[in-house]
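Before any comments, here is the structure.
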């Protein structure tokens, strides 16, 4: 499986499951992968920012990615390889591509400021990992403090043929999708896949603007899958109805910092993770926050039975 | 009317109405003020960040504030006086307090980093405006890049008696409200009013955490007023039902940068502003964005008839 | 006097003199202006960042600029008009140009990130102040956190004919001067004046790279004038010898934050300012720092008699 | 050798030598270590930020540190272990301490903002690496964008007994040294070693403020050693004379980004590095910059014969 510009659908951002003591929980990785396979995912992204990638050592990263690649079978697995230096990035890329990854994802270091610095960084990254490795450009200013204009993205796409997909999570970001699709129509940029992140907070309209799907870790990827399908099928109001029912919870999970604890808590309640623990440094939910999430789930369950979860 | 720590309910953040050519539109100021009076507002905040305050000259700021203060009658009006220097801050404060403002609001300059710098800044600000002027502490890291811990807010509250209210808009921010109310219960901080901003994105749970109301400019302050009232009255599910119906639109309006154009467009459609224009530098909505807002309004109107607006 | 692209020599950044209680000290403004006239300055810049411009009210800014313009006679005076909004920028520009300013200086707001945002900001600024007002582009990333590549500067220069001068204070910045002069030689950018700031920390080599002079407030503008003259005359080693003798003190004065207190202290010791006070918020020098500056002056006096100052 | 609070003198920040193709150059590591041993260094710090640590893989980091530890014999070697996650930090710490490192150095991630976040980070770091490993607190706001007040440093020192040394490189930073030594005199903070970085730009006065020495990579550590010795011996003017002679070059080497290329170029000319190359991403010097450095060396050689280098 090689990632290409035809990617679409839902690529969940897989969290890395830990036991309470911080060890990696391989049984949960297996369960999670099977769940993605069963809920309409068209790919998986592992070791993203919210996969707690920076907290893992190289050998751990490799083990997690390898297990997921093997378990996912025919499903393409994209591996986050962002690193402070190109040596580590190249090493992880080489190792996971050898083990069957479909491509890699690269986030910009938060020191980049000018257009030239951004383009230059990706040129060097491609030189480091090899021009034959398909890569996903991650555009997440809220987290990485790097602002890429549509023009900068176009330069990267045009200069680096191995850039096949944009993980779009600028905020606000709707006009950016329109601008990029406009470049394509105008013939000034080749086509790339655009899958949306930022917990899917604007997935409803992002699909209508021309996105190809979702690439985010919201705890109900099955909902994301339905929304993408409904929207692609032109069932607009149905897509919005389902999305809106999830929005109160989705917004709660989208909170920076706190959000990953919410996500893991729900995945734990869904029986997919044996523990909701984050590896250090990381937070946990207060009792009040847990009660709020439970309240949100209960309210959601009126509209979507998948949220009717047993308390475990 | 003097602002004090008993402030509660909804203080809308008033936008500054402009004509298409950038001149201030006084008729719309009058209309807007009357609308706030009629929709359950318990106060008004004028010349906030989203009141485009930095784009006004001193005389204009004074004129806008004065008109609103007079028109609002018994309703307390808080005036944003944030400025790059204390001379301008003091001048505007003196002028608006002379004209009957209930208090002022001060945002931190985005160069502040350490706890000491933040506390020191507010000490100097109070020295500049006078310790007899009640002030609202604005805590909005997303916009101002200044992070105030609960401990820093407590220091400001304890050292500066004229701090009577917190405009709470940290994100995530629920635990911060709990922490501050915990300080009050533990007797380590005196009581202050906490009214929530950030377009009300978490107003539903903020009320349950102990907030006293909303201090934001969402285009349906009448909804905010209802949610605050329902929540205070213990009608929890009704409060959430109303809030959730608005959430898709509210989220859309909360987008940084773009949001103010959305807000002014809706207020224009509600017949309150004669033009949706922002003063330069400012944006405008693309045709697609306008269509999206209209779509959101139409969907909202199924739940809240106030969103059933004539196209003007 | 109208500023144009032939500007060269030394434009001192004039500090704004205050009495200890924060009032503006007009006698010191007169003295300072006369001093600049006598020490080889070819122009003066007033109300820059280190002129404490953000701490002044509009009327004060106007009074300071007007006094200096009148006193300076034939010497061109550039006025800093940077402001959080274009209304205030336009108002001050109009007022000072009416009173005889040679041009204005505009710093970028620290929220600008992408190339497009930077270029767009200057386009709007020119629209606000009028295309007939010559302006100085201030490029000071250390203070303003805005990074302009040579390419961005070229776009501003090419798109905005009223941009006549660059206040160059990027750090490191030598290659930027070479790049801009290279654009000129290659015919891809029209000629502009480049005068250097950042307290002159690299003035020695900046002159050799193609700068036209200095535009900074170091407390010995007479030395800057000599270095610029010697360098322009090809007396390279003499220029370096004089510069190097000042470097220990110059470096001390270049410290961010503290530096302005050092500068005003020396100007006070030189008999030009009646007080070394900064307006609030501002710092002051510790007794140890004062002793260090005195030590530096004493050591400098061995090489440059101008540093042999009476203790006042 | 275990690092403790009595550390003093000069701990050069060792660059990591690379061949032009990016491979690590072990012969140069040996040569460099021997040079440090011969020029009065009292310790060595390896794998700092300017040791290009983020560009190395774990195995490479370990190899470089191990070689230097063995070669340095009785001289204490401190190893930079800063990492995006605690797993990698713990792994490298464990490995280098096993191989005889005297302690480790930890820089703060540039996402830390509030006092609590900074203190909390170091608490977690110590938990990760073990409370028995002595560590150096690196305080370098210019590079890491994290601002630590003296009060925050005191909290870290008081709460974490394994903090034995401060790599002081705040700028401006003289008052910080005075504040910390004042805490010690007042009995509110235990004694720690303070060694100064930031290329030694203020080493002359830092020594007089109470610093214990230098911890920086300026290409003439032999000069640093002399200045520290002269200053400690009370030969004040001699210390300043030597320092001032180096200041023009030292300032040139202190330029952010460019500086490391300057440093490696001079170390190459001194015959210590076989190549001046940086590993990617990294820069190189323009021909003009090389000429400037050579000019600076030539001028310096008039005062310090060590700068009279053969062109190689």
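The chains carry the letters A, B, C and D, assigned in the order they are written, with residues numbered from 1 in each.
In this section, a contact is a pair of C-beta atoms (placed from the backbone, for glycine too) under 8 Å apart; a residue touches a chain by one contact, two chains touch by 3 or more.
Note that the coordinates shown come from a computational prediction; the quantities given were computed from them, not determined experimentally.
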Number of hops, chain A to chain D, where each hop joins two touching chains: 1
Interface sides of chain A and chain B: same vs different residues, half threshold: same
Between chain A and chain C, centroid-to-centroid distance (C-alpha), Å: 48
Centre distance in Å when chain C and chain D are each reduced to the mean of their C-alpha atoms: 34
Multi-chain contact sites of chain C, meaning residues that touch two or more partners: none
Contacting residues of chain D [partner chain A, same complex]: 52, 54-58, 60, 84-88, 91, 110-111, 120-121, 124, 127-128, 279-281
Interface residues, chain C side, partner chain D - complex: 171-172, 174-175, 178, 201-202, 204-205, 208-209, 237, 240, 243-244, 247-248, 251-252, 255-259, 286, 288-289, 292, 299
Parts of chain C lying in touch with chain A, wherever the complex brings them together: 113-117, 147-149, 151-152
